[in-house]
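Letters A, B, C, D and E mark the chains in the order given here, with residues in each chain numbered from 1 onward.
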Amino acid sequence: MTLLDLQDLQKSYGALAVTQNFSMSVEQGDLVGILGPNGAGKTTLFNQITGTVKPDHGEVWFDGEMVTQMDASKRCQMGIARSFQVPHPFVGMTVYENILVGATFGRSSFDPRKQALEIMDKTGMDDKANQLAGSLTLLDRKRLEMARALAADPKLLLLDEIAGGLTDSECVSLLNTIREVHETGVTIIWIEHVVHALMSVAKRLVVVDFGRKVTEGDPETVMNSPEVKSIYMGEDAA
Amino acid sequence: QSSKFTIGFVNPATGPLAGFGESDQYIMDAAKAAMAGIENNGSPVEIEIIYKDTQSNSNRAAEVAVELIERDGANLIVASGAPDTANPVADQCELNEIPCVTTVAPWQPYFFGRNGNPAEGFEFSYHFFWGLEDVIANFLNLWDDSGVSSKNVGGLFPNDADGNAWGDPELGLPKPLAARGYNVIDPGRYQVMNNDFSSQIAAFKEAGCEIVTGNQIPPDFATFWSQAAQQNFNPKVVTIGKALLFPSVIESLGERGDGLTTEIWWTPSHPFASSLTGETAKQLADGYTAASGRPWTQPIGFVHALFEIAADVAKRSEALDDPYANTAALAATNLDTIVGNIAWNGGAKNPVKNVVRTPLVAGQWQLDSGAPELVVTNNAEAPNIPVGGEMKLIG
Amino acid sequence: MQHATITRSTQASRIAGILALCFLVYIGAAPWWAGSADLRLITEILFYLALASMWNLLAGYAGLISVGQHAYVGLGGYLMFSCVLFLGMNPLWSIPVAGVAGALISIPVAWLVFRLKGPYFAIGTWVVAEVFRLSAAQMSSVGGGSGLSIPVAVMRDLGRKPDREMLIYFTAFALCVGAILLVYFLLRSRVGLALTAIRDNEVASSSLGVKIGRIKLFVYVAAAAVTTMIGALIFVTKLRISPDAAFSVNDWTVFVIFIVVIGGIGTIEGPIIGTLLFFLLREFLADLGAIYLMILGAMAIGIMLAAPKGLWGLLVSRYDFSIFPVGYRVRR
Amino acid sequence: MSESILEVQNLEVFYGNAQAIHGISLTIEQGELLSLIGSNGAGKSTLFKSICGMVRPRSGTINFKGQTTAGLSPARITEMGIAMVPEGRRLFRSLSVEENLILGGYVRRPGPWTLQKVYDVFPILKERKDYPATSLSGGQQQMVAIGRALMSNPELLLLDELSLGLAPVVIKDIYELLPKILGEGMATILVEQDVTRAMQVSDHFVCMLEGRISLSGQSDAFSHDEISAAYFGT
Amino acid sequence: MEWINVIVQGVLIGGLYALFAAGLSLIFGVMRLVNIAHGDFIVGAAYLAMVTITMTGLHPLLSLVIVVPLMAAIGYAIQLGLLNRVLGDDILPPLIVTFGLSIILQNVLLTTFSADSQKLNAGALEIGSIPVLPGVDIGYMPLLTFVAAVAIIAGLQFLFYRTSMGRAFRATSDDGEIAQIMGLDNRKVFAWAMALSMAVVAVAGVFLAIRANFDPFMGPSRLIFGFEAVIIGGLGNLWGTLIGGIILGVAQGIGAQIDPGWQLLAGHIAFLVILAVKPRGLFPRID
């Protein structure tokens, strides 16, 4: 069953077209990786899926409903949650309270406090529960991004560069968390520059450049395509 | 043994109404000195005057009145400075059962603005000043003197306590003026601190008005007056209440201040003397000018009279610490003050209970000597006040 | 792992809470220990505290910097006068009526001013208050620009002087305590969680399901309702209303803003500290007239330069402490 | 006495409580092109901002031409001869292309770069000189950003994410122009996501990881794998 | 004819409002500062002119030669010494500081000059007029005010879009951080903007003082018209500010023609209606 369907999205900022004729669909239970050069329009694509940016043209369908003009908060309650590339923690709140916001206002949750505790444990943030989010290190901010999104109990989880800056072992534990979440039936779309991490979990890769979809397919094929090698890896196609 | 009598004095010392309180300190000091030897039933009375500034804010006027009553234990409250000061102070006194004397507000906005019922009057609040009937009579006298041909009179009334009372079609100027053949062109109430009188000027021009009247605050009049010139509206007689009270205002108008006419409540030539100091009106005014270096203003006499009445109550009250006794003494006042006789005994000068009318004349600001001089030109309403000159037309 | 528990208060805050409660009871009993003058002063302090708490709720928590809250104070006053004069109601009973009416009126106002952001919002609310003031001045049935007094008889019906004062005092006390508790419980509820999140980051909160528009509207309407009720009661004690006094930007907005920023914006305790300080200054300096106002202005500037989070903020940054804890602590 | 134009020693930078740079030291010689690589959030931009005076280091020293920049305003540092092409271009959107360039020359340092010279290098900008800067394509905007930095005739040029968001062909052009742009004597630090490319043009490189230097040296002295290990911290 | 007169006089008043607004618009645009004390500065400038005239005997319009640079210097100093320290993302601190300045200034003026209202006397200039149509006269002063407003706005427009200082203003307003590494000192740029704004304030103050009486407390009531004009015109658009002023003036004139009580109300309602339809003003330039 198709969970997310993007149809011919277009978005420009003035003369700068950041999304162009973009169509893509994601099946329930999928784990899709998105990669592409900086400024390719990946984050903007997420913004259009979550509703913080409205496309100039095209439609966003989620769970069988057209959500193109819906508010971000409404979409979250339908089951779309995200992490931000630049972490946006609520700096005046503790880690627990940050997660509680997701648990309280996200998709139905009947005991937000308990759910927030569970998520905190699951993402390994329990020892920092009472710390102010403003004082977290980058790494923890990124973890918090994901924890908060998970607390909203999403059907579709959008992750924007959460592995950047992680050491290898941290990366492994992150990958485990992502796998666990995925196994509970959550569909995931993950933007990542840390290619090896992405490769190890993604079922499918989509490559974006200049706001267009360049290629898509299974990770091996995509990564070996000369196009990707040249535009993304900076390697000679030869 | 000596007893104590505390007089609370509420007036605007700061803010847009500060002109009314300009001489307060001088008068208060002089009055305090003069009250030194007062006796009540043979024993000396220690008089204290506590002054509170309203900052020209009627909220604050009510607040400080309460403070005087509750905190400072005032036995009598006196206040002046337009209905914005007098009314809230009187209201608080009435409710908190402390006697109160107010002035410098025409009696209609004072009395009807406080829901006064002419049959009942008030219990604790007393007032002395002139009323609209006086102003109307004086204005009509002035205009009859002027000999202008057009009977259309432009009316400038702001949307404030004074303006609404003056412009009221029933109780204000229009009806009595109509009775004498004058027709008031009244475009409606404007908001104070107006900066555009074009629509009024257009209406007055249209009707061919040669007389303009009304009640304005000084800034509004100044704006009107220069716009009138700009838009080629040149009335021959301009008779405005309130705005033309203070010499500083006239000075600021320069040449254009010459010939403006207004009601006159008090001048140094009023033939009255203080019951407290024995000074004549002229002596009082000169004393102020000497002490402050500023020209005399009309409120001087009235503020002084407040203290004359207070001293009189302190002398006559049967029990200085009993508000009812003090009120009874106040009610029984019959005193010749520097603004004339004050008595709330139901005589001819009491239009309603609790109000005494003081004499009013009319006159003109004349610039003959360079500095503006307020000259009484018509005393038909109070012949005991001498006339100082002839009225002339503007322009 | 599941033996973690959530607490919302600390030992210190519980002790402080008990002390605060004792103080509250003491203040509540003021009619029995305070003279008539002090009682009035405390009543006025309660008014300002309630107004400051409401402005703090708007600006400090919901980010709605309004310079037009005097619109609702004046509205309350006029509603009370209308109830008394036209419906013959008891002035105190007209207060809840004013509250409901204020809430209803604030909804279309919110629709208009919420279209504006930041400084535009601030100016927009000020203009709305001007419109209220000028409209009141056009209504001759409530005195127009001249203003109007409550018939003394109506006040006398409330009882003899001491009884009447006690009645007004308790109403003010109830309103003020109610206002603070409203803020406190609102902040402890999910609304508070949402408000803090919105204050920190609007985009992230809306992506987590927080309905920003609805929450802000709710807070605006609640603040308007309470402010209107306080306005109604204020003018019961003033006895007299006029457009300039009722919609005075200095009395009901500027001073209130000063109170909140001096005490500490965005905390429940801030307005309390601010109000006490404001009245302390006023008691000692008000007779200086113009100088007093200059000192007040200079203080506001000084606080902004030295401690933008206000006096309470300064204290909290030294000692992490709160009398009204609204956060969550995880213990295991 | 070396010709080093910039010396950074034991630099520590914090954003609030979060430390972004943990004790970095590096030097760059006159005329040298140093490439600074490192993954997202490694602290490269933060290092640049510290050099320009936009963020204040908590400790450590930065000496430019033998003189400390501590306590100097960014404006003053620019006057001394440091210019930056910031990450994300950050052109002034209410200024036209030409105005952006003119503003770059605000400090009026003498030197070879003039409006005319910039137009010679990037002829397309002359055609578009009166357009709002942000209406240009990404690559053209990057040219404006570079031109704007050159206009101050800097002795040290900081290029942050030079090829960010640019089409490969534009990148190729810019890299071909780079030697011409840098000319003789201008020291340059280049931050680039495209590691291979950066290595090709630079003399030395420094690789940063989580605010520390994880590898540095001669650009041609290390294998792709060694560099990628330092890059990802594997 | 009546209505023509209403429109003509309304447009002329709009010139005065635009003068109030031009300085506000400038600093609003450059540094997002909401200057609550702007109205009081206008009144302060009027007093400064009054003192200058008493001391030198200059004609009010000539007093500008002294008042303009003096006010500009004051603005420069206030910005550098005070306002720069509270500028930031949060609009509240500068708002409070200017609120504080407003109260201080009002009371300093009160204690120095008393509450008496004052006026500058410009002699014949003040009362003369040009008859344009029967029943429609254009006073010299309102015309001069309008012309001054147009000239000042044209001047600011030129300065903003054609000069190096204007580039510095725009660049700093676009991206203050990057402007710094171009060698611009933000604090000085802001100080110059404030100085310029205060120079305009000086002109507005003198024209206001010739037109009508002023007292220490009239600032806020003038300020609100200025803000309305700025917002109606759209942020950062100087000509928009003039149009905003004219819309206000004409709306007030039409309101007054219906009933003088509606004069101010009509202006405010026009403002609110425009905002309901276009929340960012009629001609926004900056968002």
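Everything that follows uses one rule, which is that a contact is a pair of C-beta atoms (placed from the backbone, for glycine too) under 8 Å apart; a residue touches a chain by one contact, two chains touch by 3 or more.
It should be emphasised that the depicted structure is a prediction, and the values quoted were computed from it without experimental measurement.
**Q** Kindly list the shared contact partners of chain A and chain D, in label order.
**A** Neighbours common to chain A and chain D are absent.
**Q** Which chain's C-alpha centroid is most distant from that of chain D?
**A** B
**Q** Report back the single chain whose CA centre is most distant from the CA centre of chain E.
**A** A
**Q** Would you say C-E or B-C is joined by more C-beta pairs in contact?
**A** By the number of C-beta pairs in contact, the winner is C-E.
**Q** Between chain B and chain D, what distance separates the C-alpha centroids? Give it in angstrom.
**A** Chain centres of chain B and chain D, defined by C-alpha means, are spaced 77 Å apart.
**Q** Where the centres are mean C-alpha positions, what is the separation of chain C from chain E, in Å?
**A** 33
**Q** Can you give the whole-Å distance between the Cα centres of chain A and chain C?
**A** So the centre of chain A lies 42 Å away from the centre of chain C.
**Q** Pull out every residue in chain C that's touching 2 or more other chains.
**A** Touching at least two other chains: 134, 137-138, 290.
**Q** Give me the residue numbers in chain E that touch at least two other chains, ranges are fine.
**A** Correct list: 107, 110, 261, 264.
**Q** Considering every pair of chains, which are in touch?
**A** A-C, A-D, B-C, B-E, C-E, D-E
**Q** Okay, in this complex, where on chain A does chain C touch?
**A** Touch residues, chain A against chain C: 50-52, 71-74, 76-77, 81-82, 84, 88-94, 96-97, 100-102, 104-107, 113, 117, 120-121, 126, 129-130, 148-149, 151-152.
**Q** What residues on chain E touch chain B, complex-wise?
**A** 2, 5-6, 9-10, 13, 16, 107, 110, 114-119, 121, 123, 126-129, 131, 135, 137-142, 211-215, 217-218, 221, 249, 252-253, 256-257, 259-261, 263-264
**Q** Can you check the complex and tell me which residues of chain E touch chain D?
**A** Chain E residues touching chain D: 164, 167-168, 170-171, 173-175, 177-185, 285-286.
**Q** Can you list the chain C residues touching chain B in their complex?
**A** So the residues of chain C in touch with chain B come to 35-37, 40, 44, 134, 137-138, 140, 143-152, 155-156, 161, 238-240, 242, 244-245, 248, 250-251, 287, 289-290.
**Q** Hey, which residues of chain B end up touching chain E in the complex?
**A** 14-19, 22, 56, 159, 187-191, 193-196, 198-200, 202, 205-206, 218-219, 222-223, 226-227, 229-232, 246, 248-249, 252-254, 256
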